[in-house]
Amino acid sequence: MSFNTFGHLFRVTTFGESHGPAIGCVVDGCPPRIPLTEADIQPYLDKRRPGQSRFTTQRQEPDAVKILSGVFIDEASGQRVTTGTPIALLIENVDQRSKDYSDIKDKYRPGHADYTYDVKYGLRDYGGGGRQSARETATRVAAGAIARKIVPGLTVRGALVQMGPHRIDRARWDWAEVERNAFFCPDAERAKFYADYLDGVRKAGSSIGAVIEVVAEGVPAGLGAPIYGKLDGDLAAALMSINAVKGVEIGAGFGAAELSGEDNGDEMRLGNDGKPRFLSNNAGGILGGISSGQPVVARFAVKPTSSILTPRRTVDRYGRETEISTKGRHDPCVGIRAVPIGEAMVACVIADHYLRQRGQVGDTPSWPLPKRTER
Amino acid sequence: MSFNTFGHLFRVTTFGESHGPAIGCVVDGCPPRIPLTEADIQPYLDKRRPGQSRFTTQRQEPDAVKILSGVFIDEASGQRVTTGTPIALLIENVDQRSKDYSDIKDKYRPGHADYTYDVKYGLRDYGGGGRQSARETATRVAAGAIARKIVPGLTVRGALVQMGPHRIDRARWDWAEVERNAFFCPDAERAKFYADYLDGVRKAGSSIGAVIEVVAEGVPAGLGAPIYGKLDGDLAAALMSINAVKGVEIGAGFGAAELSGEDNGDEMRLGNDGKPRFLSNNAGGILGGISSGQPVVARFAVKPTSSILTPRRTVDRYGRETEISTKGRHDPCVGIRAVPIGEAMVACVIADHYLRQRGQVGDTPSWPLPKRTER
Amino acid sequence: MSFNTFGHLFRVTTFGESHGPAIGCVVDGCPPRIPLTEADIQPYLDKRRPGQSRFTTQRQEPDAVKILSGVFIDEASGQRVTTGTPIALLIENVDQRSKDYSDIKDKYRPGHADYTYDVKYGLRDYGGGGRQSARETATRVAAGAIARKIVPGLTVRGALVQMGPHRIDRARWDWAEVERNAFFCPDAERAKFYADYLDGVRKAGSSIGAVIEVVAEGVPAGLGAPIYGKLDGDLAAALMSINAVKGVEIGAGFGAAELSGEDNGDEMRLGNDGKPRFLSNNAGGILGGISSGQPVVARFAVKPTSSILTPRRTVDRYGRETEISTKGRHDPCVGIRAVPIGEAMVACVIADHYLRQRGQVGDTPSWPLPKRTER
Amino acid sequence: MSFNTFGHLFRVTTFGESHGPAIGCVVDGCPPRIPLTEADIQPYLDKRRPGQSRFTTQRQEPDAVKILSGVFIDEASGQRVTTGTPIALLIENVDQRSKDYSDIKDKYRPGHADYTYDVKYGLRDYGGGGRQSARETATRVAAGAIARKIVPGLTVRGALVQMGPHRIDRARWDWAEVERNAFFCPDAERAKFYADYLDGVRKAGSSIGAVIEVVAEGVPAGLGAPIYGKLDGDLAAALMSINAVKGVEIGAGFGAAELSGEDNGDEMRLGNDGKPRFLSNNAGGILGGISSGQPVVARFAVKPTSSILTPRRTVDRYGRETEISTKGRHDPCVGIRAVPIGEAMVACVIADHYLRQRGQVGDTPSWPLPKRTER
């Protein structure tokens, strides 16, 4: 990761601000001959799109993606496929209603990056949050849709597992449920509770944090490049780069600190397919920075949005003490829309490491290993 | 981060295995004319060195560092200083006692990376853990000692704040205490408890996890390059790359998920120096991926070592089910020695971003900002 | 450089094909607060634009650049300035006249990359050359216009110094002349000759190669990062990446192979400003990969375009021998339009190293150096 | 390339100065299970080693390489093989005879990087040239020996093809001859002439430049990542990074500037193996930045060493005009020893791109391509 690019072989560069003409990204290093049209990408953007329930900001953005480059008709199949050259994706900003920024253009909103942008760059784009706007995450979701097509058999799904102090009951986990409620919550009962709970938060002009879990199934064993290209290291950076994320954990995560060696280490047996079978997954599918073939499990904590009605003490860019409260369209729980974003980041990291492993090692070695031949 | 190198301008490449002739690193991109001798590095290595109490492995390694390149006598000062060229550091492996690896060379230890190395590379160096050995972390500590000299006024300190389920009392936090007990624990009372507790763990041939907190003070505001070079993103990757780490959080971290916007956002006033003063630090010194001038606070969870006496079910590399238990020298709580390692990683990340900020922006803009001149 | 991105701190990612909807680039890492509008970029694109004389392809492309992101109104100055975030530049493709590709879509044009794209990717975008089209170079020119604004006092100018076997007379070099003829030729007399000469080439449906020289003045001493980030190494890669370039040289270049040590090494005296003054510039302004403060001089050889009327033997993608000749709009000497492209690449490399030097070293040390203080 | 590292998947980081304790490199990203011992590397170092004839410096360095990490016994074969982790190579400096540097430590030798190091870093390591010493190139040669083992069927050979103004007769090219004379010259007759010629240069205390040609055979078609990871772009950077190199060209190179399209484009027919056969190789095996399967041909110009007996005008670091002449051990034609170095750099670049192509595309597509299936 560096500046506005991430990935080593599967590389994503994003650009754009909330209130400029467009946002977008360039996906570089994608393998050739993968069928790709806007229809492969749009559903993921639709999932992230705001304004779909009363629990997300009412800003209306169609978020229609347009592929500008990197695809061509494949003579062999007649399909539009990737060519191996950079895929540029463009999403025009539509809902740029003229807005009165007079209150926030000089004042620093507590919990926002207003002050840090000013002190780093000497100026900031206050229009809709500029580059710090969550709008940038749409481009990641678009890139993630391409990443998903690279690793055969890969499935990446996310879910909201905690809102405020209220965790789901993992015994009631049902992936199908995630599609049915406004919270991407796998626990139907908890989802009902969240609806009431969040209505209260919303009506109070307040906000609340959340925890998201992303599970990647079908990750081949052997992905991840120790020591400084570990799969979990790259996942941590990728998830921490999402707006408002304050923590990342893999498998048992912070819970592992409380475990004994006996309880933590995942024992192994042989599966019916002759491959190792783990009896638990405290490792979250990653050992020594390398995928084990188990599902990769990552969780991240999303802080509450700092845009709230309650007036807060702050200073302005000219060095004066003042107060600020935020009116207008905001998500009471930004963690909800972080679900498809987290999925996308996990998909991108896995795709990158899939290509890296193929580059360094070629075909994954067969397992079990051959015994030493007698000489 | 990629493979065995991390950093963008301050770049560290490490090499070496536990049971080879030596480990080491190459520190590239260090500014010139910084006074540097082995004596600047050795104290940090000594802090990490095992065998200093009954609570860490009894392996005896002097960990004497040798500077191979990148320093020269400065004519102006007569001191040995960095030249701006790569600084190679070498640490010879001394305690390579001939050991019987027959039990582990074919079997996969649950919780270790034995299986994943085998399935990734088609072979693994089983001598002392090979590249997955915690011994590699000595080279990071050495690099971190150089990083500390780059950012003027920077102080990076770490502490163990939780062992198993037992947290410290933050009201009793005393940095001076960290130097006085075997656990780098800032809570003297808790440290006494840990001594008894860990004796029990050790005698049972078991192990336990821990949580480490690293605090960096004197971090200039403005470090961190959004969106994919955020300071917290790079910290997350850097800390997650440490052996046995399963989670990373910044500031309020996972606790932020439980907070409301009112409780989370750090309010601002002006300090006596005319600079912004935050009334709390839930952000952990980072907003929008950019340092705010507050102390940078990162925590990471270390799982218990998987090398325990209790026999565990596993398989071997030739596809047979079996059992394994680990005898020999091991840390009952590897989290303890992770303290100086975490410090080093944080120092390296901050030094890198300090140079990056200076590169992109030059001198940090003065704050408060000048008002628009009338025209 | 990697894939479709180049630069380390000043980073340029380009995308787009000749016959898609648009081409463009993302410029990342640009310092903030630099005044920037489309008017700063357009003149350089206009210089590269085809169809301006009978000596370049008659394809009509307005090449109107649009800034999509990365700029904002600076409160202090009221100007539109860079924000330090990614600057996306878009150039729509206009002249996409429906063309009959039936002849070239299966056949490999000798000297073109048709075969190598097919054998690398398993398909190729034959529309207007796809990614191998010279059209991509417009995006570099746009990026170069930004690069020029980063280094104070920098001037980068290029000139055509050889067409076919015909070199200019360096004694007649006049930079003002470069703007006055269709060849960017600094030798007015030679330019007249080229007009006749190239008319002959053009009417014969043939093509011819050229040599371009780029001179960068005002390059601060100290840029370039030995050993693998040398200024000349990066210039070589940057210039070699331009379509049709087959050779790059710095200063005396290949001529240096014929020189003795006495004739090659540039002697030094002190200038009136107390700075070193070189008595010649065989080094081309670079010693040991680091700029010396002299003008940086680079030359590159451009091969003749392979699109010619004469039928040539070739094969097609289905493994059949055949012949091909190219009709339609083509440059008889692609070297001409390479002049602004070469300038742009040199400007980008210098801007990148300017930021890198500022990052690693900070303010350039004062020279002469201070004498050792007695102790 | 950046700072002291080059390569994207096959990555080489070098360190060390001429008069420190050791030089070395870290080779990262090497595929696992490649048999490797010091005996695979030493012969290439021996070829580069000085003091083997009267035509190279008489400095005596055994240049014995030691593998510090990254290899292990393969259980399957019983051989020492690469593990996929970083391979650190160390070469101790032996011939550090105490030398009187009083004359050069303050004065800038014309043509050397003395001044530019001083003005960049504010100091320089004057011992034996410090980091700018040609001694660093030994580490590249060592890395190149590993690179050669990665690409199946690859052969990389270099030859001196010009010394001063005297070119070889290409009709007399005999690779076997390269091993037989002190100049790596493939033209036996020319080699005899060079012996007399260089004796004259040497006795006069002078020096002379040279041109080296490197030919890589067995390079698979499809290597090279357009646009900014072109194979020729990376070769240009790699070769330009060698000390004293002032120009690089591919295939017809600068000669291509003088050619017409008819003469330059390499026509194609089908070979007996059903693969394309080129009727010439002006492209030097690279089209559009991608290897064509033909031999890759690169040439580079090496300037004469600036260390000569004749006194030259210069300045010193304290701002005084003075004169300097260089006594002691020096190569009258440093181009000779550049031959194995050029080979190594070409091998490293090709190995890197071999892994990159495998990463992005996987198995190279079969050729000829399948026809579109009717639907």
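Order of writing sets the chain letters: A, B, C and D. Residues in each chain are counted from 1.
Everything that follows uses one rule, which is that contacts are C-beta pairs under 8 Å (C-beta built on N, C-alpha and C of every residue); 3 or more make two chains touch, one makes a residue touch a chain.
Worth saying up front: this structure is predicted, and the values here are computed from it rather than measured.
S.K.: Does A-B or A-C have more contacting C-beta pairs?
M.R.: Output for the comparison: A-B.
S.K.: Name the pair in B-D, B-C or A-B that forms the same interface as C-D; by residue number, over half of the contact pairs must coincide.
M.R.: A-B
S.K.: Using each chain's Cα centroid, which is most distant from the centroid of subunit B?
M.R.: C
S.K.: Could you work out how far the Cα centre of subunit A sits from that of subunit C, in whole Å?
M.R.: 38
S.K.: Measuring centre to centre with CA averages, how many angstrom lie between subunit A and subunit D?
M.R.: 43
S.K.: Which whole number of Å gives the spacing of the CA centres of subunit A and subunit B?
M.R.: Computed value for the inter-centroid distance: 25 Å.
S.K.: For subunit A, give me the residues that contact two or more of the other chains.
M.R.: 2-5, 8, 14, 29, 32-33, 75-76, 84-85, 120-123, 131, 226, 361, 369, 371
S.K.: Give every residue of subunit C touching subunit B within the complex, in rising order.
M.R.: Per the touch definition, subunit C meets subunit B at residues 8-9, 29-33, 75-78, 84-85, 226, 355-356, 358-362, 365, 369-373, 375.
S.K.: For a test of understanding, state which residues of subunit B touch subunit A in their complex under the given definition.
M.R.: 1-6, 8, 14, 108-113, 115-123, 131-132, 136, 162-165, 201, 206-211, 221-230, 232-241, 243, 246-262, 264-270, 274, 276, 279, 282-284, 286-293, 301-308, 310, 312-315, 317-321, 335, 357, 361, 364-365, 367-369, 371
S.K.: Which positions of subunit A touch subunit C when the two form their complex?
M.R.: Touch list, subunit A to subunit C: 2-5, 11, 13-17, 20-24, 26, 28-29, 32-33, 66, 68-70, 72, 74-76, 81, 83-88, 105, 120-125, 127, 130-131.
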